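Following are the structures in question.
Here come two complexes built around chain A, the first alongside chain B, the second alongside chain C.
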Partner chain A sequence: MTSNHHAFPGTPLSEDEFRQGKILFNHDRLNGNFAWDTGIAIGSYLAGLKEGYLSGSRCAHCRKVVIPPRVVCEWCFRPMDTYVRLGDTGTVNTFSLCYVTWDVQRIIDPEMPAVIEIDGASPGHGILHKLGEVDPQALHIGMRVRAVWKPAEQRTGAITDILYFKPTGEEETR
Partner chain B sequence: MGMRKVAVVGAGMTKFVRRAQETAKELTWQASRMALQSCEMTMDDIEAVCLGTAPDAFDGIHMNGEYLSDGAGAWRKPYMRSYVGGGTGVFVPIQGWYHIASGLFDVVLVVAEEKMSSYYPHAQAAFLTIFDHTTERPLKPNLLWIFALEMNRYMSTYGISKADIARVSVLHKQNAADHPCALLGEANISVEDVLNSEVLAWPVQRYDVSPVSDGAVAVVLAAEHIAKRITDKPIWIEGVGWNLDTSYWTNKDLAYPRYVEYAARMAYEMAGIKEPRKEIHIAEPYDPFDYKALHHLEGLQLAERGKAVQLYIDGTAARDGNMPVCPSGGLLGVGNPIAAAGLMKIAELFWQLRGEAGARQVPGDPRRGIAQAWGDLMQVGTVVVMGR
Partner chain C sequence: MTLLERDPHAPDNWQGSLPVTNRYTFGLAGERFFRALKENGQITGTYCSACDHTYVPAQTYCERCLTELDDWRDIGLVGEVHTYTILHVDLDGCQKSNPEIIAFVRMGDGGLVHRLGNVAPDGIEFGMRVQAILKPPAERQGSILDILYFEPAAA
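Take a look at the complex of A and B:
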């Protein structure tokens, strides 16, 4: 039908027309404030972070250890049996060098988000965090890293109790 | 299974633009009206309406489906809004399909709309709320992170170069130059232009990404006995599939979209397709980022894992190749008003299979096509197979 239809609806506006007030608009700011209960599984995860360790949960039926912990196993829908303490070391599964912030401000020194597979969790099970104290050019998939924690008295029971992960410098096996 | 045949009998769309003067309701109405006019129907002929629109956060309106209902002609009709993130645009016609396949309705209007420009200054910040509020959001992630992380994992797993992935962006933007509704059609773009564009979140650069847009698309679906009265060229929905992966996106294989495979297998089985690479003549995989088109072609079983880029290298994916990919121009070229972008792919297959795609027409009387969208937190695949 596009071959016999030449006029499509829709009127593009330029950003200038908008900024210069050539069209009318109504500006508003939404007010959204939330206090999220952490729940049982994530509550235990955050308590661990405050103590300075990472934790996961284990399903005896599926023989899987997942991080972050959860109350139900996604594979068998049985309850997760136990919460287990994991290492604070891991392997970089993937990473990015990000030159824009969450609100699209440009930055010179990149943020280095990564998925880090945590030692003690089942293979391929990682968390989102950031990398630091590493040359962006030297960063690679498979790099061994360790959590850098806030001092104990500053920890609040949040994922940001880990400042970032930095290279351990150990030999890599893959 | 006792399901009735369902055809697409009409389609309409607005231009995809960075900022539309029209409101979301107005865009919705314009696409709906054009779809109805294209098959000479009126709202009186429509028994039910399905609407797709992505997060309420873009519009800042809670229950956005109800808000948009007058533009979709839904008043005093059975009406339903569906939402599976970016997958919405190919899910909403599936919803329309089962309304009719089940025997409940004979004619359904399916419309998808997105107005992303209302979120000021940039819709990007609205995406922050897709991350887990306790374990991820305190890290101040942005949406580019997950794409960059997935792209890096995909490239590294299979050893694919940035220059080869850039071919996807080049082909789609070139194709879009022939689309009258396209926002970013560029006939003369080259791989170098992509590789020289601003680095946003390595490996993602500016030209690897589709633009946020405003726009709407609508299609009219009809049961077989109605479709054959309306048109000599009904385009049948031969198979549908959808599938969801885990919300714990850091716990899964980022190099391969298994949920797209499951959705595709569901659709292929319904359509009786045994060898998709031979039986699919046009592919419209979801391409919000260039590597995503490759990722999805592999999930759709249209290429071996890590080998989809070969389709672009050897010309198979070109408009005159053996299996054209995104002859519309895709999200990278036409634009990415989330839900509308997915339904645009359905409209494109409708036009292509009827031989009405104008300058974008794929040669050789294509008989069958597939459209796919993807979304939520890297986790949903929605697939529709269409044929004539």
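Take a look at the complex of A and C:
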């Protein structure tokens, strides 16, 4: 609809007019602080990331291993039985090449978000993360990748303790 | 084993802050109102001759007859206390050591909401004449806080 409008009514203002004090204004900020409870299962997942490993949880009834770990099985609604330590390697399940940043600036080297099926978890179970040290043109589904971790002293118990996943270079089985 | 124990080494919460900022411009009439306050130390209003009504703070349009208003008037710094309230708690809900008095000060046919100063809570009367005390010209920023407070006007 707005494409039909070439001149919008109103008083246009430029950034210079603000900077040079030609326009009076109030600058304000919301005090939007929050604390999000990590919960039992995600808490232990984040503690694992700080130690440098990925973990999931296992339902003995469904014989499913999910990542990130959950307290309750999504299929049978029974409590999960145990945490499982998983590898930090996996397979690219799907990916995207993203040539804009979150605030819509064009970039030359694309961000490469991907869902990575983690080794040790049930087939189809993975996490969303970024890929790095890979040629965007060579990137493909089924590629084997390994986590690149931050140095231990810089890890805080966050998903960003893994910087990105990079190709392992191993032969692919599928 | 069920997974009902919290890992004592796990981070128990994630902390963050939403980076939400905003910039509010005062509009055509507001710009001129705050310029007059900042540069000349005046409180201004606009007058509608058809409705015989003086808007304070100044407005661009008469909200009774929708005429565009261009009769700008210096209202002076004196108004009357129309109503007031005494604030005993601050924004965080804590008890204030010095209760603050907030009043609607009638000026022209409108008025301003602002602080009262140099007056004890039991010394306030409805209809009391009060005068705006402004910041020194060099410190004014074109904000309603360029008025420090209203205090009882000399008779």
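Everything that follows uses one rule, which is that the second predicted complex is superposed on the first by the 143 of 174 C-alpha atoms of A that agree within 3 Å, B and C clash if a C-alpha of one lies under 4 Å from a C-alpha of the other, contacts with A are read in each partner's own complex, and residues count from 1 in each chain.
One rule holds for everything that comes next: a contact is a pair of C-beta atoms (placed from the backbone, for glycine too) under 8 Å apart; a residue touches a chain by one contact, two chains touch by 3 or more.
The structure displayed is predicted, hence computed values, not measured ones.
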Per the contact definition in the header, classify A:71: touching chain B only (first), chain C only (second), both, or neither.
second
First (chain B), second (chain C), both or neither: which does A:46 touch?
both
With both complexes superposed on chain A, which partner does A:101 reach: first (chain B), second (chain C), both or neither?
first
Considering only touches as defined above, state whether A:80 meets chain B (first), chain C (second), both or neither.
second
Of chain B and chain C, the chain that contacts the larger number of chain A residues
B
Would you check which partner chain A:91 touches, where first means chain B only, second means chain C only, and both and neither mean what they say?
neither
In the superposed arrangement, which partner chain does A:55 touch: chain B (first), chain C (second), both, or neither?
neither
Touching partner for A:38 - first (chain B), second (chain C), both, neither
both
Please work out whether A:13 is in contact with chain B alone, chain C alone, both, or neither, and reply first, second, both or neither.
both
Give one of first, second, both or neither to describe whether A:28 is in contact with chain B, with chain C, with both, or with none.
both
Could you list which residues of chain A make contact with chain B in one structure and with chain C in the other?
11, 13, 18, 23, 27-28, 30, 34, 36, 38, 46, 158
Chain A residues touching chain C in their complex are 11, 13, 18, 23-30, 32-38, 40-41, 43-44, 46-47, 50, 57, 69, 71, 79-83, 156-158
In the complex, chain B touches chain A at residues 10-11, 13-22, 27, 30-31, 34, 38, 60, 120-122, 124-125, 128, 131, 133-136, 138-142, 144-145, 148-150, 152-153, 156, 179-181, 198-204, 214-215, 246, 248, 250-254, 350-351, 354, 356-358, 360-361
Taking the touch rule as given, give the residues of chain C at its contact with chain A in the complex, in rising order.
1-7, 9-26, 28, 30-31, 34-35, 38, 142-143
Which stretch or stretches of chain A touch chain B in the complex?
1-6, 8-15, 18, 23, 27-28, 30, 34, 36, 38, 42, 45-46, 66-68, 70, 74, 93-104, 110, 113-115, 124-130, 141, 158-160
